[in-house]
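Per-chain residue numbering starts at 1, and chain names A, B, C, D and E are given in the order in which the chains are listed.
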Amino acid sequence: MKITIIDYDATQFQEKEVKTIDECFPFKEKPTVTWINIDGLHRIDLIEQLGTHFGLHPLVMEDIVNTDQRPKIEDFVTYLFLVLKRLSYSSHDSDVVSEQISLILGPTFLLSFQEAPGDEFDPIRDRIRSSKGRIRQMGVDYLAYTLIDAIIDNYFVLLEQIGDRIEEIEDVLVANPRPETLQTLHTLKREMIVLRKSIWPLREVITRLERWETPLIQQATTIYLRDVYDHTIQVIDAIETYRDMLSGMLDIYLSSVSNRMNEVMKVLTIIATIFIPLTFIVGIYGMNFNMPELQWPWAYPYVFYVVLFVIILVMITYFRRKKWL
Amino acid sequence: MKITIIDYDATQFQEKEVKTIDECFPFKEKPTVTWINIDGLHRIDLIEQLGTHFGLHPLVMEDIVNTDQRPKIEDFVTYLFLVLKRLSYSSHDSDVVSEQISLILGPTFLLSFQEAPGDEFDPIRDRIRSSKGRIRQMGVDYLAYTLIDAIIDNYFVLLEQIGDRIEEIEDVLVANPRPETLQTLHTLKREMIVLRKSIWPLREVITRLERWETPLIQQATTIYLRDVYDHTIQVIDAIETYRDMLSGMLDIYLSSVSNRMNEVMKVLTIIATIFIPLTFIVGIYGMNFNMPELQWPWAYPYVFYVVLFVIILVMITYFRRKKWL
Amino acid sequence: MKITIIDYDATQFQEKEVKTIDECFPFKEKPTVTWINIDGLHRIDLIEQLGTHFGLHPLVMEDIVNTDQRPKIEDFVTYLFLVLKRLSYSSHDSDVVSEQISLILGPTFLLSFQEAPGDEFDPIRDRIRSSKGRIRQMGVDYLAYTLIDAIIDNYFVLLEQIGDRIEEIEDVLVANPRPETLQTLHTLKREMIVLRKSIWPLREVITRLERWETPLIQQATTIYLRDVYDHTIQVIDAIETYRDMLSGMLDIYLSSVSNRMNEVMKVLTIIATIFIPLTFIVGIYGMNFNMPELQWPWAYPYVFYVVLFVIILVMITYFRRKKWL
Amino acid sequence: MKITIIDYDATQFQEKEVKTIDECFPFKEKPTVTWINIDGLHRIDLIEQLGTHFGLHPLVMEDIVNTDQRPKIEDFVTYLFLVLKRLSYSSHDSDVVSEQISLILGPTFLLSFQEAPGDEFDPIRDRIRSSKGRIRQMGVDYLAYTLIDAIIDNYFVLLEQIGDRIEEIEDVLVANPRPETLQTLHTLKREMIVLRKSIWPLREVITRLERWETPLIQQATTIYLRDVYDHTIQVIDAIETYRDMLSGMLDIYLSSVSNRMNEVMKVLTIIATIFIPLTFIVGIYGMNFNMPELQWPWAYPYVFYVVLFVIILVMITYFRRKKWL
Amino acid sequence: MKITIIDYDATQFQEKEVKTIDECFPFKEKPTVTWINIDGLHRIDLIEQLGTHFGLHPLVMEDIVNTDQRPKIEDFVTYLFLVLKRLSYSSHDSDVVSEQISLILGPTFLLSFQEAPGDEFDPIRDRIRSSKGRIRQMGVDYLAYTLIDAIIDNYFVLLEQIGDRIEEIEDVLVANPRPETLQTLHTLKREMIVLRKSIWPLREVITRLERWETPLIQQATTIYLRDVYDHTIQVIDAIETYRDMLSGMLDIYLSSVSNRMNEVMKVLTIIATIFIPLTFIVGIYGMNFNMPELQWPWAYPYVFYVVLFVIILVMITYFRRKKWL
């Protein structure tokens, strides 16, 4: 468990990594903006210490450590509690991984709890350190906005990766559909279900954050939240579009399988309908009857060249007219 | 029918199992928190006695004993009436069983009616007995919350069992799809319908409980109800996710059946298209015509080794190019 | 057309069947509860007479005799107009029949118009006659509630019958799916559409009846209407569940048809792939070439026992490995 | 372009067909009810003249002549503008034709613009002429209601025709499904899409007309509009029901096609599995080996009668047990 | 990047193309209507200069240059910000291309930013130049309306092109369905998804523009916006109709593929069931048994003409009765 504290206002800035929870306490009442970030949630006792000092409700602390929450926002008057999800491709099994990030937005402090360390927030730290942009001029609510924005911007990266995979499969689907393609389609569909579950509730979270009349969010910040809302809608749009595309691709797959079957059946039917009657005809002259035809001088070439080839020709003409050849 | 009474406040506690309904009556007016639990609903006369004494509306008593209600909440000003569902796997036929639990929340008493005895409430009894947590400090509305929470927490256990079964089938589906797999998929889908029916209305029940401005629910308890609401949404999310997954698995099943059919047809087609023309050719030389070829010294090996093997080679090349082999 | 009048209050009761419309008129102003029931709607002139006397709007009278209305409720200030549907299985062609029942709820009178005579209201008449329950103590709005409740209770009977038929088909579906099963599935689905159409609007009708602030409905009665509302939701739930189940059963049917096809194809493929090559081999030795093998002493048993059985064995092994046998 | 003017109140009535637009102008200010009907919309200049005189907004005149509007209502304070659709079967290509009817409802005048002349309004003209019913007593808003009612009543005629066609196809579907049946199903589905598009918005149009508080609609007329609303809902219900039925019929069609395929395959499989092994056996004794069996006196009848018939019997028994015969 | 300025009121008009951003600045405060159009968004620095001078929020400038926004509207009190989409068929790869057009509507100025130059606005420029219509009399909000109207009118052109392609495919589908047809169907479906995504949000944009009470939009203009709203709904209706039609066409395609398979199978089955038994019969008399029949004088014609033709006749009769021929 790693605890980092960043404390700043327009004129001054300090950043430190602390070993004990106690070192965080003095920042609670400081009028400057304080951002305390905790990576790793296994030390439940420490989180409870921190929570108790910052006046968090026991249920909030429970929700922070139970990482299967849906994205949500709750207003506890003196602070806001937000649950968000970081989504990323795990490197080894190419599956979407969902990690929980909880934010506590107080009047002058922001606590962020991450299930696992990530790098989305690094550019924000840089911006604070170098006093780039307006971040050092703004309050703690603007800091919360930048964190949320960073998390949602990260979804676009994930969506792009998924979009690439969908395109890859689409090409394979046209060229050479195989049972494995279906398996991949199925996996992608399931990932979409996971994504939807993590991102749909976000829409309401951001709307509430923007609309709630809480002194914790200043008027100037709501315009930025509206921007975050737009991004959320874009992400949801993309997910719905991908879902529609995957459904369409399943139809393509199924109908291409049935087309191939059709082709196989046609080959069988053509071969069988040409040769089965022919075999019957040659069978006739294999009978041990005393057939007068057998003695005719031109019987063999007649049967062989005329009858058989006429039958083959008729069949082929028939198939051509049926557009099977 | 088993009646147990638990009566407590912050300082004192008593618990007893009573034989007659009359023994419950004195607790109605007592200012301490009283929890009367009734297991088994077949003694309608006793329930009516109890209801009449506690001032319940006849329709409420009807709903308590008719166990096919949907989850619902009703406000009778002096008490709230809640209907909930306990869901569990029956041990002998692996089907989801739904049992009704009705709660009457009065100013100082809570009546709970269970269709069949269950063990979800045992930890709550322990907490009351041992005065663990805040339960002994809180009122009867908090007790109601803990009961509802226990019922909903139990759904997660059920969902996990169903999740395991879905995963099992998923593995079978890839390895060796069989008609029985479809049957199991169908059973799971039907269980999902039952679950949905029991859990969807819960969402509204909890919302109302949280939002209604009734003196029976104290302000401090609503925050706990919001937590219960979150859990309900999680359960509903999980059910919807499972439903989506089961639909996807049905698609996989159907397309894998049609893939297998395709494979069978290919084998048939390959064998038939190779051997039917060959049989025709050997049939030719089985005719009893006076064929000059029969007398040629190398005719037999020529037909046998050259013609036949050339045909087989051509066919195999063709199939390979078509990617059937 | 049969007209029956029941007039009662807590102390007195009279019931009579009248021949002429005029006999109903005196009851309009009587302060006691009057229930006038009309069976059969073909005498439009008489209904118009009655309507004119009781001050009904011409459109109301039109809606009463045109029996293809949807369930609805309308508030005409001095009276409420309700249209409901009686649903039942017709005895001779096992199809759902929908009949219209219209209610006019005035301050002291209730008019009920039935398309065809039914027996759902008989227990209510008995209750009034024998002064059983609270009905004689309550006003005309309570009478209206009991009629609506009787109609909706009747839906459960119908739903049970449909549920039985669905279960029957489900068993057949597993054991021996046939085209007729599909036909029955289709019929059930269509009946569900009819039911939905008749019952969905009821939800709104009851809600309005409960919520509207009309002096015609007393406060004490709304609690009973809430109960009726719950029943309506249960009926709708059941219909939706049946619809879901029927959809699932269609999937089962289709996939079981394609499974059977698969099985048929496997038998064909196995037989054909074993015997077509064998026939080719025996065809070879039916050629009239001068084959040296024919003269070898062990040629026949060699070909017959060794070659053929080896081929059969290889084939069977192959099929077993493919899990076709 | 044909212009007819009907002007009436309770006591007097005049009707005339006019040649020039100018003749309509005096009726604008007349306190009697004036109904000006225009058939044919190709003389845009005349419509503009009329519109300018009656004070219509330029956009309204544009909407009147562009006949691809959706049904809508707009309130221009001094007049209401309604767009409706007449739907009918075209006689020569059995397709649904949608024609636009626009209404301008002023304080004392009603302008109706029809894309093509129709006969739905004839009974209304008769009622005005003969002073039948209440129409001559009522204002111009009641006239507007009767026109709207006539248009919607006409939808029922169309729906009945479509219902008949659906029933016809349903019978064919059971007896002898053919590709053309599918084509007809598809056409009907497309017609349903057209109908929906034309009728769905009507629901909102009528609701607004009923709810808007405009002096142009008198209180007494709203009750009639509620009736029109009910009819609209009935039409929408019918369309939805037909859509559901058509979807169900597509399922029936597809599964009956696959049933027939199944049957064909069974015949092939039965014939092939019986005769292919038999052909192999007779092939054996066609080999030119020196087989000792050939010399046995009872060999031929033994092979022929015993072996072959035993095989046939075994096969038939097998198929019967599989329920293929 | 091309910057053009049009400045006008009822009496005067000027138009010029400027090279530097600075030339736009004097127009900001001028009371006349000023329309500044920027084609090309790659010079972000210039756009920022312009934005800063006209007092635009940094987020607005970001949204203008990031061209993957959804259509939206935002109210910044002193100006409105609109994002719209121009949709067109790209000429070389027949795919729908979406380009962003952003509008800034101030009290006396309108800024329009186009991703790529288009020609929809040319007729508007002509109307301003020639003082045709009311545009020179109206304010800047009317100018904004004409631009929005031009963009939406353009959608109808696109929809017509798509409608033509759908009709083409529909004809092919009936005549000769091929895998490529499916591919085209899939492409069209995907284009519909893109269209929907671009046009659905427009509905809300226009509604807000019409309903918001902002001094930037005059009362007289809202009636024109209502007209634009109607057009938007028409576009959305058309898209939904096309989607429904494409789904229906996929069903047609799939069932026509399975019909063709059926036909192929029937041919195979007919040929095989006629000739396989016949081959068996001629095989019998190819056996080298000492069969007495072989010696009968009429045996050969009997077998040949009678037995075989009887079998063929029976088979054909059977197939005809089954309606396969």
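Following the convention adopted for this analysis, contacts are C-beta pairs under 8 Å (C-beta built on N, C-alpha and C of every residue); 3 or more make two chains touch, one makes a residue touch a chain.
Only a predicted model underlies this, so the values are computations on that prediction, with no experimental measurement involved.
Asker: According to the touch definition, list the chains common to the neighbour sets of subunit B and subunit C.
Answerer: Touches both subunit B and subunit C: nothing.
Asker: Determine whether subunit A and subunit B, two copies of the same sequence, contact each other through the same residue numbers or different ones, counting it as same when over half of the numbers at the interface appear on both sides.
Answerer: Mostly different residues.
Asker: How big is the rotation, 0 to 180°, that puts the C-alpha atoms of subunit A on those of subunit C, in steps of 5?
Answerer: The superposition gives an angle of 145 degrees.
Asker: Report the inter-chain centroid distance for subunit B and subunit D in whole angstrom, where each centroid is the mean of the CA atoms.
Answerer: From the centre of subunit B to the centre of subunit D is 41 Å.
Asker: I'd like the Å distance between the centres of subunit A and subunit E, where a centre is the mean of that chain's Cα atoms.
Answerer: One centre to the other, that is 26 Å.
Asker: Taking each residue of subunit E in turn, which ones touch at least two of the other chains?
Answerer: Only 258, 261, 265, 268, 272, 276, 279, 283, 286-288, 291 qualify.
Asker: Specify the contact topology among the chains shown, as one of line, ring, star, complete or other.
Answerer: ring
Asker: Starting from subunit D and heading to subunit E first, what is the chain order around the ring?
Answerer: Starting at subunit D and heading to subunit E first, the ring runs D, E, A, B, C.
Asker: Taking the touch rule as given, give the residues of subunit D at its contact with subunit C in the complex, in rising order.
Answerer: Listed in rising order, the residues are 174, 223-224, 226-227, 230, 233-234, 237, 241, 244-245, 248, 251-252, 255-256, 258-259, 261-262, 265-266, 268-269, 272-273, 276-277, 279-280, 283-284, 286-291, 322-324.
Asker: Residue numbers of subunit E touching subunit A in their complex, please.
Answerer: The touching residues are 57, 59, 63, 68-70, 72, 74, 176, 179, 182-183, 186, 189-190, 193-194, 197, 250, 253-254, 257-258, 260-261, 263-265, 267-268, 271-272, 275-276, 278-279, 282-283, 285-288, 291, 294-295, 299-300, 303-304.
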